[in-house]
Every structure is written in structure tokens, then in C-alpha cells.
Amino acid sequence: MAVVACRLVHEEIDTAAVLASVADAAAGAHVLFVGTTRGVTGDVVTLGLEYEAHEPLAQALLGNLADEAVRTYALTSCAVVHRLGAVPVGSASVAVATSAPHRREAFAAAEWLMERIKCDVPIWKREEAADGSRTWVHPDGPSAAVVPEHGS
Amino acid sequence: MAVVACRLVHEEIDTAAVLASVADAAAGAHVLFVGTTRGVTGDVVTLGLEYEAHEPLAQALLGNLADEAVRTYALTSCAVVHRLGAVPVGSASVAVATSAPHRREAFAAAEWLMERIKCDVPIWKREEAADGSRTWVHPDGPSAAVVPEHGS
Amino acid sequence: MAATTLRVHLFAGMAEAAGARHLAIAWSGGTVGELRSAVAAACPAIVALLARSAIAIDGRYATDASAVPVTADVAVIPPVSGG
Amino acid sequence: MAATTLRVHLFAGMAEAAGARHLAIAWSGGTVGELRSAVAAACPAIVALLARSAIAIDGRYATDASAVPVTADVAVIPPVSGG
């Protein structure tokens, strides 16, 4: 019954549409998470971000994660949209929406999905600093995906 | 610096506007919670809800809670809107939005706010069942507010 | 202190049970606890819910030991169900 | 098995370090672990990042013991930073 939609897009994310997509007569709670490009982090200015993905793998993994979220948290619906390419300051790079009969499950699932998206899904960002230099971000330590949790 | 907006409204909640109201250059994470009238709970059909509040007290307490959320979770912004009067099935009765530099604080603050709103704020709902009967909901046990946490 | 009439606001299921959105309580000052007794005596239909309710005085929740001036704005707050 | 050319996809900082989005690796079959060694030999510039990367074979993450057929679609997945 639960509806799941995961998409990679190359244009602006319509966050209101992502939220609307998880509406369901059995849902009383809806959580929408929107991640945007921060223009300021402490004293550090960021001019913009750019995202790249292994698109087929990212699409497949987002679908797996959303399916797992629906099963684990008994969601009525779930949607994940990640933007690729340049994302200006203040614009959304990712939107996750969940709906459930009650709020605890909707919150927990949205938070879990964001944790997993940030750890598992082959998407990378390049930050453009105030001086115009651009740096790909590869967090320290091994890829969480080195020990595979999906597939063989 | 943090912006806080709390409102009681008697018309439809513009949830996209609530989310947009917490945008901030220092925020990378935005959480919007939307509570709607469930049409179906298991096998039980609800035709609609109606909300009533002690409006001055509810407005003051919502403001206190939002201020406390901003301080506790170091939010960049926070907004709470609760609808009063008749709320049809599928429509939003409450919307809470938070923004923060990082997602953990935005999630935690939104969830905390919803817990507190449901426990502390003098707002009541009346449920209209499938047979047309209407019942005010007063959860079992003493009001959480009997031991005051706000005021004297 | 001369007795005056305190207007006590009722809400939701409590207003429904009382058949009124306000009660007029004769009052010459006292505590919230004493006011509870006066309200219960004036409106037996709400006694059960009153025991589970908070009292707000001038827009703040009050303990049973708090004073209720004759000019107070008083509301009975039964268990809430917003959200 | 005859050696063929395996096309290995690189992304993000790894493509930048290699100066290319693909590497052509001579391959006659073997494990992911063996492929890692071949990739490191072909492109020393990415060795440090490669050690922290996962390998995806035909759209799934693979362990070092997994087989890499000569027809495989191979991608190196450095630590991710989406969201």
C-alpha cells in the first residue's frame, strides 16, 4: 500500500510537491527534511555547491533505503529527491518526506533516511569557497560502503 | 539573531510558507512537521476535527516553547502555526518548522516542540465520528500542566 | 474583602459538560485550591474533569497555593489534545 | 581467459586526481581485491583515496573477494558527501 518515490533531479527541487506526494488518508503525521547549501558556516563563506552521483547506483540505493524505511517504520508513504549539478546557496540539495499514522515513526524514518543517504549513497559534493577555489568533499575514514550493506 | 514566529490561525495553513519562513543563510537543515486530520485510524473513520484554544494562553505558551527550542537546540529559526476551528480530513491542524546549521538539531527541536505542544498548550480537539457524533478529546490522567512548567 | 463575582472560563468538554462557557463564582479572594472547591460546588457536572485540570490565572498556569485576586482572569484547562 | 579492457568509472575528487572519468584496465578476470591492485598500478595519483573507496560491480557494492567478470561495469566509490 505504501507509496515510495525516489528521484535524482538536475533542476530546483519543488519541496512543497515532495511533501504533498506523501499525503495519505491514513497518515496524521508528515515530516519534510530539506537540506540546503549553507552560505555561512561560522566565519567561512561558501559560494555554492555542486553535486555528482553514480546515478544508476544512487537511484537503486535510494529506492532500497526508502523501501527499508517504509517497512521498518510502517510508513504510509516516503519520498526522496536529491539534486545534482550546481546548487546555489539557500537552495535545496536534498528533500526527504515521510508520512505515518503518528509522528514518532515519521520523524524517526526521516532522520534515519538522512543518516543513510549521507553514509551510503554514491553522491559527492564540491564546495566553492569565497576565494573561488573548488574542493570535492570526501570525508575522512573509509567509505561506509566498503562493508557492503546492500547487494553482494 | 534567531527568528521565531508562532501563530494561531482560523484558516488553512500554508505549510510551504511556514517552511520558507525559517530559511536562513546559516541554516543547512530545515525540518517541517505537518499534523493532519487522519481520515482512517485502523478501521475507524473520522469525518473531521474541530479545534478550540485558550487563545491568549496558547499563543504565549507557543512563544515560550519556540524560544526555548531556539535556545536549547541553537536553531537559526523556528515557526509554529496551529489551526483552530474545523479542520477537514487531510488538512493540516499544526505545522512546526525548524532550521539549524545541521540536521540533528533541526530534527530534535521539531520533535521536542511537537511533544510539548501536545502536552502543554491549551488547545483541544473534538472528533466527528462516522455516525456524526462529536466528542471532545481529554486524554486520561491529569493535565500535564497541573504541575506548571511555565509561569508561577 | 468584599465578595465579588469571578468569571471562570471553561473550554472544550468542560464547557460542554457545564452547558456554559463561563461560570460566575462568588469570590472574596483566596487560593487556587479554594477556588477549585468553589467551582466544584457551583457546577457538579464538571467535578471529575476539574480534578484533572490545570488552572490558569491571568494567562499563566498556577499551583493550588497561588493567590487568586478578585480581579483575576481565571480559566480551567482540562487535559489538552492539540497538535 | 583472454585479457580484455575493463572500463573503470571514477567520480568526484578521484576523477579530478586521475584527470579522467574512466580508467582502462587490462583484465582477464579476478577478484575485486586484484582489481584494486591493478587500478592502483595504473593510476598512482588515486592510491590514497582508492584505499578508502568501495567498489561497485554492475550497480552493487562488492567485497574484495567478489569476482569481477571481464564484462563487468565497475565503479570506484570514494567516501560520499551527498545530502
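Labels A, B, C and D are assigned to the chains in the order they are written; within every chain, residues are numbered from 1.
The rule is short, and it goes like this: a contact is a pair of C-beta atoms (placed from the backbone, for glycine too) under 8 Å apart; a residue touches a chain by one contact, two chains touch by 3 or more.
In this text, all values refer to a predicted model and were calculated from it rather than measured experimentally.
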Graph distance between chain B and chain D, where chains that touch are linked: 2
Relative to chain B, chain with the most remote C-alpha centre: D
Centroid spacing, where centroids are CA-atom means, of chain A and chain D in whole angstrom: 25
Inter-centroid spacing, chain D versus chain C (mean Cα positions, whole Å): 74
Geometric centre distance via CA averages, chain C-chain A, whole Å: 50
Chain A residues counted as touching two or more neighbouring chains: 35, 114
Contact pairs between chains, per stated definition: A-B, A-D, B-C
Residue ranges of chain A in contact with chain B within the complex: 15-16, 19, 23, 25-41, 89-90, 101, 103-104, 106-107, 110-111, 114
Residues of chain B defined as touching chain C within the complex: 35, 51-54, 56-58, 60, 82, 93-94, 114, 117-126, 135-146, 148-152
In the complex, chain D residues that touch chain A: 9, 11-13, 16, 49, 51-54, 56, 59-63, 66, 75, 77-83
